[in-house]
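Take a look at the structure set out below.
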Amino acid sequence: MYNLLKGKKGIIFGALNNMSLAWKVAERAYEEGAEIVLTNTPISLRFGDIEELAKKCNTIVIPADATSIEDLENLIDKAMEYFGGKFDFILHSVAMSMNVRKGKSYDNLNYNYLNKTLDISAISFHKVLQVAKKKDAINDWGSVLALSYVAAQRTLYGYNDMADAKAMLESIARSFGYIYGREKKIRVNTISQSPTLTTAGSGVKGIDGLLDFTERMSPLGNATADEFADFCITLFSDLTRKVTMQNLFHDGGFSSMGMSLRAMTMYNQALDNPKEPDGFDI
Amino acid sequence: MYNLLKGKKGIIFGALNNMSLAWKVAERAYEEGAEIVLTNTPISLRFGDIEELAKKCNTIVIPADATSIEDLENLIDKAMEYFGGKFDFILHSVAMSMNVRKGKSYDNLNYNYLNKTLDISAISFHKVLQVAKKKDAINDWGSVLALSYVAAQRTLYGYNDMADAKAMLESIARSFGYIYGREKKIRVNTISQSPTLTTAGSGVKGIDGLLDFTERMSPLGNATADEFADFCITLFSDLTRKVTMQNLFHDGGFSSMGMSLRAMTMYNQALDNPKEPDGFDI
Amino acid sequence: MYNLLKGKKGIIFGALNNMSLAWKVAERAYEEGAEIVLTNTPISLRFGDIEELAKKCNTIVIPADATSIEDLENLIDKAMEYFGGKFDFILHSVAMSMNVRKGKSYDNLNYNYLNKTLDISAISFHKVLQVAKKKDAINDWGSVLALSYVAAQRTLYGYNDMADAKAMLESIARSFGYIYGREKKIRVNTISQSPTLTTAGSGVKGIDGLLDFTERMSPLGNATADEFADFCITLFSDLTRKVTMQNLFHDGGFSSMGMSLRAMTMYNQALDNPKEPDGFDI
Amino acid sequence: MYNLLKGKKGIIFGALNNMSLAWKVAERAYEEGAEIVLTNTPISLRFGDIEELAKKCNTIVIPADATSIEDLENLIDKAMEYFGGKFDFILHSVAMSMNVRKGKSYDNLNYNYLNKTLDISAISFHKVLQVAKKKDAINDWGSVLALSYVAAQRTLYGYNDMADAKAMLESIARSFGYIYGREKKIRVNTISQSPTLTTAGSGVKGIDGLLDFTERMSPLGNATADEFADFCITLFSDLTRKVTMQNLFHDGGFSSMGMSLRAMTMYNQALDNPKEPDGFDI
């Protein structure tokens, strides 16, 4: 609508279906004049609707497992071929925890699963950056974003080892942001988004209550996927060139709230009739 | 019980009655071998029980309005006379908001009241430090503490202009901590304490619900006044000499929580029957 | 260039001359299609070049002392008259410390000056917000920004009581952001900008060395006034609607750096020939 | 000297020689009346002087690779046998990066090395906690500490993938602190210590310049290993029971400094003769 990304090119990881945050970002980036390339794991390609998105955005899908250097090298090569040269931005929206999926509580972690959580949800971001830098694939003043969550700072029951992965992800953004900034003027940031009902998010236990709570705690309400996409556009644009190594909260104010009147009004209803959890299985 | 403060001397601001945080600190400091001097405003002396505390701690009370340089100079002079020289620690537990007391909401502040809030709750801390430094009243490696609250970082409805005062208080601890550290090796910190049912705290609207919420959010529960006193002792002792310019959370973990299972279990009871606040008067 | 602010209207505080951050924001906002109103204190109007800016931006200047409720009421009334109704954004770029100007060190503050520092640099922001809200002057989903600095989190010698004012300013953004968000969907944020050589900034002692240090510490270098303006545009636009109660670092990465190789290379030159300050007068 | 840990028992990981932070903690804990058990990897036992420490502290050494569940189970079993039951505290001071050792820069990481860095420096902490909890090995109100560094928040060139490991370590302290707190009243914290010249620390490139810089930036100077030990004692004691899920800076104020006069005085010497790094190999 504004041509904010006119002439820019970028790779978007993690679009599965039209509930995905990455899906909305792809649509908005295309609207704003960017050329994009989509990527996801082979298995996600099979179960999701990404080809539909590719059509909408007049582009291609290049399958890649973001934990595989080989796949990432192929992705970057193919994308550069498609774009006819370097590109300008990347969105990393990739996360998965087998411990969460399999209902392993945080004091009963399976360490193979934990390694997978870290590899998929954090280290893959480093791999993307390292491969891109080695191939000198991103133009000066490019912008790289990854999706984070407030669990990196504050513990939410049930979010499990994903909290540790997000903390590491944000650290990678700082660590690589320093290197990529000093040498190529490329900025690296994370966005800490409100909980959003995506296919991935819907697996988190007790998500309904949490969404109600964060909605009432946040003075502007939870941020939607569409709003997330809008915010990403500004961070890919040339108007935010000196923002780097930051974790940016996009959450309607939740991260700066201790207690809102709306949330407290809900909570107070239970005061006369206090109830304890049925054990601590998460 | 441990003689942690044997041979140390200090001034304690803000004890009113046996619910006061400062009261407990005075008792514990005395138990740990410290000599102390108590101080509070003339009006607090009249309404509180501080003489009882002075007897318990075998000491004197020197009245002082912490916003008055003259009073503070007199206090420091008298205290040094009483101690026979320099002293080692100060606790600043002084805060008041007329906007809260008079029910002025944050979007309808009385600016004279706001000035008073700042003067009493934040600037007084600077005055104490500046007067003490000018009089070279504190021994090398001394320790100065002030009482803060998580509202300095995260907004809690109804806490009002006190949030801004606490943010400023924590900044003063950093700013003066730099100066006092480099020149006299004196450390300056704030403790961010759980909400506690003191005479002051009980004026905050909706404090019961909030205390229940923070109790259930904090894995160790709210920190009590006795526990606060214990923590202060460690920070006055010689065992924490290199901790300075910090805001230390003493809150059972609340500050690092996003959502606990116990708090969510309470909250979820209201989900079937959502309720909105009756307007936004705070 | 993008029409990002087409149809939007806003008030810009604090433009003095073409080195001012606010000056650049005014120009950029106008370029992006906004209608603006300029304001500054009567004395600044006399010494600065704001009329030149008004011509460029095809608008008017309404004098106002941001510490005066009366002036602010008049400003808002006149601006609404000029705009023909409500407006959409405000930039607050107002700060001054007499303690800095008069060379009073932080352990020798003049408390009347401190009150002025707070009134001009922090409380004025609350007054602007309170007057605007009382007059229901800002459209839903409007955006209010104030200028901050990393001294709110980390002490820089010589920045003096302005650090405390900035800490309070950021707290006001959170506190009022909660209220304004829940009731009017208006967001309130601060931008923590690199040190910039403005007329105001050039008064800070040792600014040259500091600028060199922050330039070499920041992987992307210091953010310029032009870049600041670009960033403000994104935050006034509709693309950042769910960002509120945040302090956003716009500093080339400085805030997330502990030590860069470039800065350390400079520092290491002094290792063989260490030098101490000539006393601590700041 | 104060009997602060009288009757308490604990396990200390990571003492190598008398430069080790953990060594000092062991000595001080013993002095304060604690019974301790020492542990380190078999290879460290061979190269270090830990048997000397065991003699001093009148205790035993139980070899354990902290990344091995089997070793940790054996350690906890043997320690409980030695103690005759549960114990009260743990110090985790374990970290290693092969990427640092082998001079792999952060944009050229070996991912097998990274996995090792994480396993040794962060995941081992989770394993210690998980094994201890499963065996119900720690008394109620026990205290668990791990050693961190400011690189978890702010990038320091050359600290490499250890920064990401420390960020994850601090997250684990929060995540497990929630679980262990709610169920067993056990607190979990990290201490972010000044850079210290230990055998481990001396491997970090450019450590001399960095130590000089942090010494001059910190108003109280760098914290020593002895001071670290003192601080740990307070956190193992009963006086800090409600401090949990925190990262506590023990650094002479460094973490709250933006620029000190002493550091700037050094830096300014280079201004007339600016020098750039010889490339960016770290």
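By letter and in written order, the chains are A, B, C and D; residue numbering begins at 1 in each of them.
Note that in this section contacts are C-beta pairs under 8 Å (C-beta built on N, C-alpha and C of every residue); 3 or more make two chains touch, one makes a residue touch a chain.
In this text, all values refer to a predicted model and were calculated from it rather than measured experimentally.
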{"item": "Same or different contact residues where chain D meets its copy chain C, judged by the half mark", "value": "same"}
{"item": "Farthest chain relative to chain B (centres taken as mean CA coordinates)", "value": "A"}
{"item": "Centroid distance [mean C-alpha coordinates] between chain D and chain B, Å", "value": "30"}
{"item": "Intercentroid distance (Cα basis), chain B paired with chain A, Å", "value": "40"}
{"item": "Per-residue multi-chain contacts in chain D, two or more chains", "value": "154-155, 157, 174, 177-180, 182, 245, 256-257, 260-262, 280"}
{"item": "Residue ranges of chain B in contact with chain C within the complex", "value": "69, 105-109, 111, 114-115, 118, 122-123, 126-127, 129-130, 133-134, 152, 154-155, 157, 160-161, 163-164, 166-168, 170-172, 174-180, 182-183, 245, 280"}
{"item": "Touch list for chain C against partner chain D, complex", "value": "150-151, 153-159, 206, 208-210, 212-213, 256-271, 273-277, 280, 282"}
{"item": "Chain A residues within the chain C interface of the complex", "value": "2-4, 174, 177-182, 185, 187, 194, 218-224, 227, 230-231, 233-234, 237-246, 248-253, 255-257, 260-262"}
